[in-house]
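Look for chain A in each of the two complexes below; its partner is chain B in the first and chain C in the second.
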Partner chain A sequence: MGIDSLLYSTHVGWMDSSAGPETDVAISSRVRLARNLDAVPFPHLLNEQTGKKVIDLVKQACSQSEYEPLRSLQGVTFDQLSELDRQILMEKHLISPQHAHFNDSYRGLLVNEDGSRSIMINEEDHLRIQGLLPGFDLEKCNDAVQMLDDELEKVLTYAFDGYRGYLTACPTNVGTGMRASVMLHLPGMAMTAQTNRIFHNIGQLGMTVRGLYGEGTEILGNFYQLSNQVTLGLSEEEICHNLTLVTRQIIEQERRVRDSLQKGMAYQLQDRIGRAYGLLSHAGIISSNEALTLLSDLRLGVDLGLITHIQATAINELIVAIRPAHLQKRAGQEMDAFQRDIKRAEVIKDILFRK
Partner chain B sequence: MGIDSLLYSTHVGWMDSSAGPETDVAISSRVRLARNLDAVPFPHLLNEQTGKKVIDLVKQACSQSEYEPLRSLQGVTFDQLSELDRQILMEKHLISPQHAHFNDSYRGLLVNEDGSRSIMINEEDHLRIQGLLPGFDLEKCNDAVQMLDDELEKVLTYAFDGYRGYLTACPTNVGTGMRASVMLHLPGMAMTAQTNRIFHNIGQLGMTVRGLYGEGTEILGNFYQLSNQVTLGLSEEEICHNLTLVTRQIIEQERRVRDSLQKGMAYQLQDRIGRAYGLLSHAGIISSNEALTLLSDLRLGVDLGLITHIQATAINELIVAIRPAHLQKRAGQEMDAFQRDIKRAEVIKDILFRK
Partner chain C sequence: MQCDECKQKPATVHLTEMYNGQKSEMHLCPSCAAKKGALMFDPNQFNIPNLLGGFLGGNQALQGAGLANPTTQATCQNCGVRFMDIRNTGKLGCPNCYQAFEDELESALKRIHGNSQHTGKIPLRSGEKTRIKRQVEDLKEQLQSAILAEDYEKAAEIRDALKEIEKKLD
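After this line comes the complex of A and B, so read on.
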């Protein structure tokens, strides 16, 4: 049932703005571990038969585990899902864009009810263990994946090298196999053109900034995914700790900028937020990029207390609900770009003004 | 009282969309006659003393008339009005932009309660007799000014030449001294880029097209003032008749275009109108040009029945109420451009959503 509700509902756990810390700036936090089974070729060398073995081993490890969060994960393989449904999972950040392209029976997902814990199977690595939570909470994400990892390791034999650490299909993940990231909403810093400078400095600290859907995706709606680049030479705690320190500084700076905008540019800010509200609530045709830009302004209005009758959670939901697969799932049919732009305008009103 | 209410209210007669014919396309109709007194120099050669003589003669002719619409005109001279108040009268189309610049005691205005009949005194000519009505009704405008003119001529001796007709300060007005005009709202033809072609042809028929405030003013918000160029060699009835024929054709064409837009571009039209509504009702800072553009879209929505809770009359009022002088009169203080943009956004909401 977990999978079905994740496919049909627009809501998943990380969107719940009331359930996480620092949600005025941090949308969600994520930690994932790349793990591979010993003595099995990496996924790009697998076929139906050898790949199936990985699935079976992982599923078995879960179902036999005494650790309830692991045992209760729901599984699905990608031959059971339409392309649209895989896109739905991708748009919700439960699988990667790369993973969503496959329809193999030996690729799949294990996931809990609210999407906060999941394991991609046979993506780039045999296992990608993910913790995904609302707000700024890398520590809790890390705790969640470490627990899953420890429990799995009781049964599975990972590819591990005493000198290099966990071995992965791509050398950039070798070591801890960890990628930690925080999705930040930085409209204040974007308005005052401070993001380039900040993110330039961040690169020098071994971190990187990406768009809503990770590597290679454009930055839209002032949503920035900040993550570690380095997986080797630091412990998992150190990676989380470093990213936490940098993120905390960015959050503080974004708050200071918002504060000074509210003091010095109150009319301009209200105008901008009012216009976003007016367009989102009355447009009949709207592109994904325009919608994200306006949702960013609206979200700022909510976070500044200028708009009180709309929930931040509804805006988080919309960031996903306006994506192509979610629109088509909701409409129950394939749609071209123009039809999606019309449907998008309708969905925005539905979710923003939902009773 | 007439002058005061014209200065303080945002409403004047020509705005009343329910009171005129063809108001889905024609905002207002206007006829004015240029007249000069015999044996008195034209206004540009007048001084305080000689100018005063014109005022006295005209006022006397009015007050002694048996024709009630003439006798009941209220008078004001421009030394009694602040520059702001003269701008207010100009923005309401009761005096010309040129006339509004003067603060002389020998220049002034006679006007009735609702602004439908008026006489500018010592503008370019001694008298400019104006009839101004809602919708497309040149005949009624002409009737009104002819009646005023006939009654005045019983007392005043006009500068008249048997061969040339009425003599005027500028030779382009010699003959009938008549200018007839219709303010048209042509969003459909503008959207489909047909206005240039049409107005090119109109020039060849001895007519011309101007913006909201006549000669030299920009065309904004798809409002076009169509008027006759030729005042000589045609009777007053012929001038009105020719302009009526051409206007009727343009009105029909605008309706056909709207009809085909509603059939072929329904979504785009609704989007455009919805966005205009959303921005007008939620912007916090808005320029005059943007407001007129959006009011044009909104007006189209009202005329097409897509927006039902806003009255066309309120939009006509807004075209004037968002002008600089009206904004400052309403605020009770001088305002710079930024302050006006803020006040404009407020006034738009006030008048659109007035109970």
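After this line comes the complex of A and C, so read on.
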């Protein structure tokens, strides 16, 4: 049931701007833990048979758990999903782009109703436990995944070494196995060309900045994903705390810039936001890049109170609903780029002016 | 993100360098990256496994100079993966590989994370031993500073506590 509604609806939990803190700048927060089963080869060396054992063990650990959030996770394996449906899950940030490529019966996803808790099975590691929430709330994400982790560990024996920590397929994740990230919308800093300078320095703090869909994706619509890079030698709390400190500073800086833009360049700002609104509400053909750029402007208008009849949540939803798989799912057919551009213009109007 | 060099084209090549725990990053477009000589090969080959291979000593220049590490032939008994495979794929074969290639990984981990020892969470059920070991280490440190501070009363207390805990380890 859970999976079906996640496939057909364009809305998932993290999009709900009214349900999280600091949503004027922070779109969503996420924490994921990489975990592996003791002595079992990592997923890239697994065959169907051993892979199936891993998935069965994890599913069993969930279904027999006394912890309701773990027991209520719904499972699906990738042989049961079309490529389009896997893309849908990827566009909603519930599985990674890499994971979406596979159609094996021993790879899959366990996920709750609103997508706030999930476990990818046999991605790069046997388990990737994820907490994904609206706004800036790393602590809550961390609490959620640690609880799931503790409950799973009652039954599963993890690959853990006293010296190296949680052992992972890739040495870049070993130790805590933790990746914490915050999706930020920084139109003010981008307009005033401050993002490069800041992100340059972030590398020195053991953190990194990526685009909407993580590793190797470009930055579109002024959406930036800030995450920790170092996983070994820091505690989970330290990782979250460090990222929280840096994020808080960026959020404050973005607000300051927006404030001064509003004071010093009120007409230009209104013009820009008005134009974005006009194009989005009247365009008949629109590319993904153009749409994201305009949605970023519109979102700024909503956050500054210049546009009052559109909800931030609707714009969050659109970031995902205008992606290729979501457009095709909605249309119920495969579409080429041109057809998608037409459909995209239609979907934007639908969601923006939905009653 | 714009290219740090030409400030025009989008940066798609992100270089992170870790030296003595100090990290520096560079963001370049493919053509500037090629000019800078950051890529000694085709940009299409510039992916994570190759980068990691570099961390793990898979530097082609070194190999060319006849300095290839002889341990590349070492094999993990549990999964049969060779260190050479890890260099090529950037991925270990199984959890036991961390033991099998402990020495090779030590310096790579330091380069990646600036650290090589885990200080975070310990599994609740199976981590009992690790938890005790960490307590022992903490107490030893406290003992050392108590002795340095010439607080012998406290040192004696810590020593007794240490003995108590170390019993649990046997």
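Criterion: the second predicted complex is superposed on the first by the 355 of 355 C-alpha atoms of A that agree within 3 Å, B and C clash if a C-alpha of one lies under 4 Å from a C-alpha of the other, contacts with A are read in each partner's own complex, and residues count from 1 in each chain.
By our rule, a residue touches a chain if its C-beta (ideal position, glycine included) is under 8 Å from a C-beta of that chain, and two chains touch if they have at least 3 such contacts.
Treat the numbers as computed from the prediction; the structure is a model and nothing was measured.
Judged by the touch definition given at the top, the superposed model places A:108 against neither chain B nor chain C. Of the two partner chains, neither chain B nor chain C is touched by A:75.
In the superposed model, C is the one of chain B and chain C that contacts more residues of chain A. Residue contacts after overlaying the shared chain place A:270 against chain B, while chain C stays out of touching range.
Shared-chain residue A:284: touches chain B; no touch with chain C. In the superposition on chain A, no residue of chain A contacts both chain B and chain C. Within the complex formed with chain C, the chain A residues making contact are 36, 38-42, 44-45, 124, 146, 149-150, 153-154, 157-167, 169-172, 174-176, 178, 195-196, 199-200, 202-206, 208-209, 215, 218-219, 229-236, 238-239.
Interface residues of chain C, counted against chain A in their complex, comprise 1-2, 4, 10, 12, 14, 16, 22-25, 27, 48, 52, 55-56, 78-79, 81, 89-96, 98-99, 105, 108-109, 112-127, 129-130, 133-134.
Chain B contributes residues 267-268, 270-271, 274-275, 277-286, 342, 345 to its touches with chain A in the complex.
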